[in-house]
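Read from first to last, the chains carry the letters A, B, C, D and E; within each, the first residue is number 1.
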Amino acid sequence: MHITVEKLAKAYGLLWALRDITLALKPGEFVAILGPNGAGKTTLLRILAGLVSPTAGSVKLDGATLSHGATALRTKIGFLTPADHLYDNLTVSENLYFFTSLYHQQKNSHAIDQALQQVNLADRADEYAANLSSGMKCRLSIAKWQLLEPELLLLDEPYGVLDGSGVDVLEKFLQGQCAMGRIIVVASHHVSRVLKLSSRAVILNRGRLTFDEIKQQPWPNFDKAFGEFLPQGEIWRS
Amino acid sequence: MALLRESYLLLWKDLLLELRQRDSLLTMFFFGTLLLFVFHFSFDPAPEKVAEMAPALLWLAFLFTGTLGLAQLFQPERENHCLDALLLSPVDRGALFLAKSCFNLVLMIVVEIVVIPLFWILFNLRSWNLLPQLFLVTLLGTIGFCVLGTIASAITLRARARELLLPLVLFPLMIPVILATIRCMENVLRTGEFGDAIPWLRLLLSFDVIFLTVGVLIFDRVIEN
Amino acid sequence: MAQVAIKKRKGILGALAFVAVVIGLFWSLVIAPPDAYQGDVQRIMYLHLPSILTAYLSYFLVFIGSGMYLWKREKRDDLLAHSAAEIGVLFTALTIIEGSIWGRPTWGVWWTWDARLTLTAILLLIYVGYLMLRSLIEDENRAASAAAVLGIIGFLDIPLIHMSVYWWRTLHQPPSILRPDKAPWENVHPAMLTALAISFVGFLLLYFYLLSMRYRLGEMREEIRARRLDRGA
Amino acid sequence: MALLRESYLLLWKDLLLELRQRDSLLTMFFFGTLLLFVFHFSFDPAPEKVAEMAPALLWLAFLFTGTLGLAQLFQPERENHCLDALLLSPVDRGALFLAKSCFNLVLMIVVEIVVIPLFWILFNLRSWNLLPQLFLVTLLGTIGFCVLGTIASAITLRARARELLLPLVLFPLMIPVILATIRCMENVLRTGEFGDAIPWLRLLLSFDVIFLTVGVLIFDRVIEN
Amino acid sequence: MHITVEKLAKAYGLLWALRDITLALKPGEFVAILGPNGAGKTTLLRILAGLVSPTAGSVKLDGATLSHGATALRTKIGFLTPADHLYDNLTVSENLYFFTSLYHQQKNSHAIDQALQQVNLADRADEYAANLSSGMKCRLSIAKWQLLEPELLLLDEPYGVLDGSGVDVLEKFLQGQCAMGRIIVVASHHVSRVLKLSSRAVILNRGRLTFDEIKQQPWPNFDKAFGEFLPQGEIWRS
């Protein structure tokens, strides 16, 4: 899927959350979105996901816009936020069953068990989602999108709550998706993790796109551009 | 048909969440009984008067449960941004509307099925033969209520002061439904048949149809930011 | 060992209850004379009164158990309250059923909105609500404390309900046993009184037997859970 | 006194949130007016007939409207685990109880102040001069309702099928209040004074006092972990 | 404040979330709680905060337990979770005003503004908390606890959503608190960040305490103990 973002802008009240963002994403790209708090990362992802309508500019997915009732298009978009989008009082497996069915990809219990195996939640299949630990919730969301395999997968700060093995699971999944030509967009503050896999980095600051390059080794431009957003003393070299 | 399958799925989810256990049905039952007790304490009615009060009392009970249901209708979606999850998905917004209305409808119908016979027993009314007609009227009225109520509560879902005006406009629309149903019931209870309440019935029917279609059509506009 | 001893004691209690109830029934159905006005129907009273009084007793126990639980947070108090509530509901339902059976011939209706009847029905509703509340809360600690609060409030409310309902209306059988002006034995046939007394004792024994069984059941549930927990870990 | 200051703070917060979003008030108003219409359409408003039903009708309206409010009472605390935030804080649970009861009381009084005159107008009752006494009775009853209601909604806070369980638990306990208020109102409307309804008034008063104290005392055991 | 945790255990249904945990915390300690997803970190923090009552064992704060109405004790405990414990429909400053007053430390608007300055949210003082970005919410919580300065501060995964400057703010605050003899307990998956400041590390695994040592340089024991929880390939040396 080809994505073109043109002069995108989003204003909340008197505040520009995003200002003329222009981007073009090709199949197989793994884009890291970086930037300080309030830069507009989440807003950008939500606009790409069609959850927020832009104030100006356009987002085109294969030339089509995510307008009302573009349901066919929506099957191709995935949005992973660690804690959200799960029904507290449905069990783990019920959640997966419900959402896969919602995407017209009803899965049998076998497929669901397998997905849970991969994120090793199999033993918690009948637990209410509310009773999972934060990292387990994130794993559950991963399982969900593993089952649905969207063309475009947006992730908002996925590393925060995951432990080591969780990170492994996620990275394996994302790499696989990239290899299959899917587009991955990850917004995160965990530079080292996200840059490990990404093929391209975008830096937002106060709603403006200040940096957008294909990854390279070494990467002086990036080090320079991102330097100011690192904690004091923490130096980071690509 | 996709729309119906999706609605069914969403309805399944809501019912599952609501009736995690049979208890909920029991709850309904005792709830119904309770209402009648309360009624009886409020106006301990003379048997002959009960018959003419019945429509009001019954509707009172139904409105109460209905509104309780509406107030909580989108509760599951409010938690964990699950509404976003639904809007993100390719599910037809019309299906969402249908599911929610049906959910509330089911809730109310269960209560009605409990309350009406109980009412007849506890206030020992004789006219059992009229129950079918009454059920029909009630059903039509209930559908109208749920349909309109769902739209209204979807609006209030993320409402700030401004949008709140809309439900204030919507709610008065409920009055025709109530008027119609009560007139019908009265007529049935008095004369034993619909007779000259037929026009009211037609009104009800058209009301339901109109707002059902309207709902399915405009719901995506209503519910998206 | 202790287990066995407890079992034995329970067995004895059960046997006693059985015997007492049988004697009570015999006395009330055979020995006691039929009522002057109502005839044999009136014999229902020998079940009717004891059952409601035991119901009251168990609601009091619910109150005690709840209070203790909120104060000390001991699981057993909660268990006591829970058991008492269940059995109390049982006996209240019994009273209503007996009463209705009694009412049909004497009043000609199964149910009237007489004060005492209504009161009983309300009691039933309150404690059914109590059981509902328990069953609808996931976390057992929360369920316990929520129920305990209801157990206390409900009991404190009973006198108020009683009063209001009585002022509201009374056409129920005027108190014939607990009458203020006369001592019981002066206005009722002594055989009736003894019958009532015996069946009352019988009901009490039966009640405590059931209670202890229910309590034990709860304990066993806990033990099983504990065992499975340890095996799980 | 600390308890009062804390209660005031919490009340301020709840009122602020309510004024910002207004969803409780809205549903309550909507429901209250709907009820009036139900009554209006079903009982032909012949003043002399209505006068004797008025108490029951009014009080039922308040009871149900209040229950709607209770169903939403802890909504703000349910979001972002704010209840945890309160339990974490040193605030006296009794204050929490007082604040919530007062909040619900305020909501109901607002509704009542609107509904009662509307009622008088709709059913063109003459007895405007009696409104003060009626308000007094209503107030006493409402206090009792809010106090007990707050406890009820606190213990049903994390229960499934909450919206039905709440009235199920609450209404039986409310029967003294219902009876007392209605009898008082009847008496006032009939005789124009409290007269021999005084004992009912005392009952009401003691009900309020008892459960207010009980609430303050045991509320910390009601909501925790 | 001295904290002693004795044979603490917490069971959820048929699952031990925590099993005989024994800990003793001294004033001025900065404890890092590490461990895989579902290890029991959050549960431990919640029990320490008195939000969850343990199934067995005891928690003593200066010898007293957090029983009912131990309100005086509660003023000394702080619990920071990045996203939670904020009223969505109160503004930033209203939130601070409300919570400080709740702790009997009513602050005037000047003090509140200052606190907001320090987490640089001053310009968003009148924004609804709901409208803040995830990182800003975390900053707001930081401001809240900066104003309240509890004796014991518990933090659950604070680094996830914070950007560089946010991390600086937080670390400066925490160091200051430690220096004043307050106890800091941080549960996190971000080993490098949390170990930078901590004076002691505790590792939980499946509810059991598997490691508890004072920090040292170098720290072979820790490297060994924690090694298994790192993502593949990622090696980490103290």
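Throughout what follows, a residue touches a chain if its C-beta (ideal position, glycine included) is under 8 Å from a C-beta of that chain, and two chains touch if they have at least 3 such contacts.
Bear in mind the structure is a predicted one, so any value in this text is a computation, not a measurement.
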| item | value |
| --- | --- |
| Between subunit C and subunit E, the fewest steps along chains that touch one another | 1 |
| If a chain touches subunit B and subunit E alike, it appears here | A, C, D |
| Centroid comparison with subunit C (C-alpha atoms), farthest chain | A |
| Leading chain pair when contacts are tallied as C-beta pairs | B-D |
| CA centroid of subunit B to CA centroid of subunit C, Å | 39 |
| Centroid distance [mean C-alpha coordinates] between subunit D and subunit B, Å | 24 |
| Computed distance of Cα centres, subunit D from subunit C, in Å | 33 |
| Junction residues of subunit B - those touching two or more other chains | 20-21, 23, 27, 30, 34, 37, 41, 79 |
| For subunit A, residues contacting two or more additional chains | 83, 89 |
| Multi-partner residues of subunit C (each touching 2 or more other chains) | 122, 125, 129, 132, 136, 138, 141, 168 |
| Interchain contacts, given as pairs of chains that touch | A-B, A-E, B-C, B-D, C-D, C-E, D-E |
| Subunit E residues within the subunit A interface of the complex | 12, 35-38, 42, 83, 131-136, 138-139, 157, 159-168, 171, 189-190, 228-232, 234 |
| Residues of subunit E that touch subunit D when the two form their complex | 49-53, 68-69, 71-75, 77, 79, 81, 83-90, 94, 98-99, 101-104 |
| Residues of subunit D touching subunit B in the complex | 20-23, 26-27, 30-31, 33-35, 37-39, 41-43, 53, 55-57, 59-60, 63-64, 67-68, 71-72, 78-79, 160-165, 167-168, 171-172, 175, 178-179, 182 |
| Subunit E partner contacts - residues on subunit D that touch it in the complex | 2, 6, 9, 13, 16-17, 20-21, 76, 79-82, 84-93, 220-221, 224-225 |
| Residues on subunit B engaged by subunit C in the complex (per definition of touch) | 21, 23, 26-27, 30, 33-34, 37, 40-41, 44, 122 |
